[in-house]
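Order of writing sets the chain letters: A, B, C and D. Residues in each chain are counted from 1.
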Amino acid sequence: MSSYPEIADKVMGLDEAVKRFIRDGSQIAIGGFTVTRNPMAIIYEIIRQRIKDIHLVCHSHGQGLDVLIGAGCVKRLEIAYGGNGRYAPTCIRFKKAVQRSEIEFEDYSNYQMSLRFLAGSLSIPFIPTKSGLGSDLLNYEGFPKEIRGRGKVASKKFSLLQNPFNGEDDKVVLLPALNPDVALVHAQYVGEDGTVRMKGLTFADIEQAKAADIVIVTCEEIVPRSFIRLDPDQNSLPPFFVDAIVRVPYGAHPTACYTFYDYDPKHLNLYKKVAGDDSLFRQYLDEWVYGVSSHEEYIEKIGAAQLMKIKANPVLGYAVGLDRK
Amino acid sequence: MSSYPEIADKVMGLDEAVKRFIRDGSQIAIGGFTVTRNPMAIIYEIIRQRIKDIHLVCHSHGQGLDVLIGAGCVKRLEIAYGGNGRYAPTCIRFKKAVQRSEIEFEDYSNYQMSLRFLAGSLSIPFIPTKSGLGSDLLNYEGFPKEIRGRGKVASKKFSLLQNPFNGEDDKVVLLPALNPDVALVHAQYVGEDGTVRMKGLTFADIEQAKAADIVIVTCEEIVPRSFIRLDPDQNSLPPFFVDAIVRVPYGAHPTACYTFYDYDPKHLNLYKKVAGDDSLFRQYLDEWVYGVSSHEEYIEKIGAAQLMKIKANPVLGYAVGLDRK
Amino acid sequence: MADYTDNEMMAIGAGRFIKDGDIVFAGTGVSMLAATAAKRIYAPKAVIFFETGGIDPVLDEIPMAVADLRVMSGTALNSGLIEAFSIVGHRKLHTIAFLGAAQVDRFGNLNTTVIGDYWKPKTRFSGSGGACDVASFASGVITFMQHEKRRFVEKLDYLTSVGWYKGGESRRHLGLQRGGALAVVTNLCVMRFDENTKEMYLAEYYPGFTVDKIVENTGFPIDVSRAREAEPPSAEELRILREEVDPQRLIL
Amino acid sequence: MADYTDNEMMAIGAGRFIKDGDIVFAGTGVSMLAATAAKRIYAPKAVIFFETGGIDPVLDEIPMAVADLRVMSGTALNSGLIEAFSIVGHRKLHTIAFLGAAQVDRFGNLNTTVIGDYWKPKTRFSGSGGACDVASFASGVITFMQHEKRRFVEKLDYLTSVGWYKGGESRRHLGLQRGGALAVVTNLCVMRFDENTKEMYLAEYYPGFTVDKIVENTGFPIDVSRAREAEPPSAEELRILREEVDPQRLIL
């Protein structure tokens, strides 16, 4: 069936990837950062399949986080930042969900969350930092006591330790490693051998993927083995970390994908308008998520004219002169 | 003087780099691994300037380590491995120095040393691992008690901790961070803006450079800013970590430099022959290090015919069909 | 009243703090303007970088988020979050961070998390992001604020990012080895911190604003004895800001 | 005597342990032959990688060190040491490591550091390198040894790399969650470890060698009750080894 024999057992559609690897209650890490390289296509598919009770682990996320929460898929959230740049200084559905006590949440900082993914990727149980000393991040626990130490919830938010290598009073914060059930990552390229190449900033995507039990990579394009192996210094993940590969051009829309397309100001402004109103937001989901049967159909709704506007200059990486207001 | 105005204050000769940044007793990390990308040219210059009492911190090193020890520059060594592939399963001068109690040494493993550099690069005081549990690495301290906690010597070789996030009896080894005085790295390219690009495997070079107070980069070539900035995903170190840049073609000889040249079997076999004999080794140093006034002169001694033999295929990265016996 | 906006005065006021060789950590909004203006006007050898990992981008167009593709274009290096935060705290670098906040207290501690009760908040904000981290590690932090009484408070609803903590030596006693709040730049003035007590004081008020107005809009007592009028932005500063930094007027 | 060398038999004997999907950690020398042979003969979907960070190289020429440029050519990824060691221990991968050693004990613990006193050694070796790490983390370790009494010892002069530690459940009690010694492949035979006691036993002796000779050359008592003669390398196995794996005869 697949045109890529070497990875035939890994290449699949969005629907199969979600069916096979994502369960109600899964702990999920999503790649990207605020308005860039969110794995939107598979997030929409998760919503369409009405996955529930997700435990989302994020550093700074925007569109993907917000639409998942808005659609009611998220029960539990570990987060450093929910925002979408100028389009939503605080993510709108995230804000509502916290204010209405609709989700359990635990606050960390970006570095703390990134270090927790790093620790998970290195198979070490925790990692020290000085970030957070004196902050209320260490005074308030978001999660209720009764869920501590269950499933993928850490037994403690953090632990303080006296640095054993320093005679002085020198405290460090130990952060528990994260090992999500699933990491969702959108990449520019996957080779026919399963090697992943991301271009531009990689955020904590690589640490998230290595920390996870299952890695689903959506990509703009599947490229020949000969190409991806010609300069392996540029590659991001070896094939054996990848469990599912889904080719989805524009799979990060309306967030950006370096060298392919910019974020879509028109769609993000539309989202901003609807997200503040429960009824409008339901209509938005009906129209843009539940109401489309595939990502191709979604892209068709965006329309060729808009795709041309956000098309990135492949050398500079972004859409030069794009009207971003 | 320099033809690179943007980095004029950083570009200098080997002699100046050593004079300005390396002292008797400095703690030094060297880049590369066994037979590859050792910063040999600057190591030879260190020997020529008769720097003493170096505290060398290594993971797996070969030629650079061995010649520095053989020349009597090293007082103290933290090491995982001293070997040179098939040319010296155990580095010969290193072996002699330990057997004759001529140096202080402390054994770690490769991962332990790499993690210690990583911790140093992240400005965290220590890092946990499970590697070493049950091993004599945790039973024997190499360094004498009286130097512990002085200068750059860690107060303890390691510390054991009960994992505070796990109820079970779950011990982890805490390793102290390394922050060397100086890191010496040989790279293929430095941009005219000071950006460093290494090709092929990077070993722990990047962590070592970020962990160090001073970074000296020797390179095969200084390349235009427009080249190094065209695809910054490929770069290894930003300019602000680099304190000195020395252009030294063949600066890693007789070790290899991916896409430029292979290791030099003829020279490594010569070294193997002389290293086992004190008198022959002194003659080797006289001829190849003290007796040459510059790396250009050293390369002239190697000769064009040999350089042609070890020349790498720039696409495959190594010298195809090289007689490596 | 002079012919420049609040954002322009703030960007220039903050940008003037930057010196050649500084490594400047920029967030979104005004901080993006201030960092870019600083590099183009006062400190051409400063390096602008972002928590997302983009180091020294060209910035031909102004980014609207720290993950904007424009922070990845023409950089020295595109790396990741861990690398970026380890740069902020690197002991060999002098790093200055620009942050924004919902609340600030007299010691320059910041809240970007929540107004009201933490679990049942009146208003939830984005959260720390990298703010707590850079506040912990940078050599100095400059914070942008709208100058309102409800934002300059006696007690933060949530302390997201540590400034001078409880004043005096308390920051160092926490175990944070350097850094602290350098300035708070508002739409009315520039506040700085006393060298010993680490309490906020009025350093410069912008032309057209009175010291009284600033005191009125600050929710805790401030020392105004060292206040002087700020230099207004020069024509050249404004030209660069308008024509080179943000010609599309996305933030200005 | 059959027409193959010790190294050939050892490479084939060890290579037969590798299964499709295994992630194979290879060192220098015979282990390089065994890994390459395994992939070309028994397990085409195995992935060979090196502690230096080279993952799945083409290996048109055999590397003579783990930092040889040939481990960087045509790989899936060129990374670093930290990445490589985190792969060895990754819970979703089945990783098999090939190691060499100067001494081994009955529980498969290894010494690659020193003979004699640690501080005043008779012979100093290269040290752990990555051996201690992969012995701690890999799903299984296969060790290559020259079969001599002074190398198969009751007590190691230095325990560099943990096998089954003190036998039984002792490895797990150390806190090492998986792995252990899978086999010791020598120039005479293949040794394996009892499922319960974790003691070394003779599993297969090569054609032409007697059980007695092996017992004689082993410095501790071994169970030989499960010994059987090994399958000699086939003509095809030898052809691949000689013509494809190491045509330059650098290691063979």
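Going forward, a contact is a pair of C-beta atoms (placed from the backbone, for glycine too) under 8 Å apart; a residue touches a chain by one contact, two chains touch by 3 or more.
Quick caveat: nothing in here was measured; it's all calculated off a predicted structure.
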{"item": "For subunit A paired with subunit C, centre-to-centre distance based on mean C-alpha positions, whole Å", "value": "28"}
{"item": "Inter-chain centre distance, subunit C versus subunit D - centres from mean C-alpha coordinates, in Å", "value": "57"}
{"item": "Computed distance of Cα centres, subunit B from subunit A, in Å", "value": "38"}
{"item": "Residues of subunit C engaged with two or more neighbouring chains", "value": "72, 74, 78, 82, 89, 137"}
{"item": "Subunit B: positions in contact with at least two other chains", "value": "115, 122-123, 130, 170, 172, 200, 233"}
{"item": "Arrangement of touching chains [line / ring / star / complete / other]", "value": "other"}
{"item": "Those chain pairs that satisfy the touch definition", "value": "A-B, A-C, A-D, B-C, B-D"}
{"item": "Partner subunit B, residues of subunit D touching it in the complex", "value": "28-29, 51-54, 61, 64-74, 78-82, 85, 89, 113, 118-133, 135-137, 156, 158-162, 165, 171, 174-177, 248, 250-251"}
{"item": "Touching residues on subunit D, where the partner in the complex is subunit A", "value": "23, 47, 55-56, 58, 72, 74-78, 82, 86-87, 89-93, 137"}
{"item": "Residues on subunit A engaged by subunit C in the complex (per definition of touch)", "value": "32-37, 59-60, 62, 79-86, 89-91, 94-95, 98-99, 101, 107-112, 114-115, 118, 130-137, 139-140, 142, 169-172, 200-207, 256, 258, 262-263, 312, 316-318, 320-321, 324-325"}
{"item": "Residues of subunit A touching subunit B in the complex", "value": "115, 122-130, 149, 154-156, 159, 161, 163-167, 170, 172, 174, 176, 199-200, 230, 233-234, 315"}
{"item": "Parts of subunit A lying in touch with subunit D, wherever the complex brings them together", "value": "121-123, 191, 193-195, 210, 213, 228-229, 232-233, 235-241"}
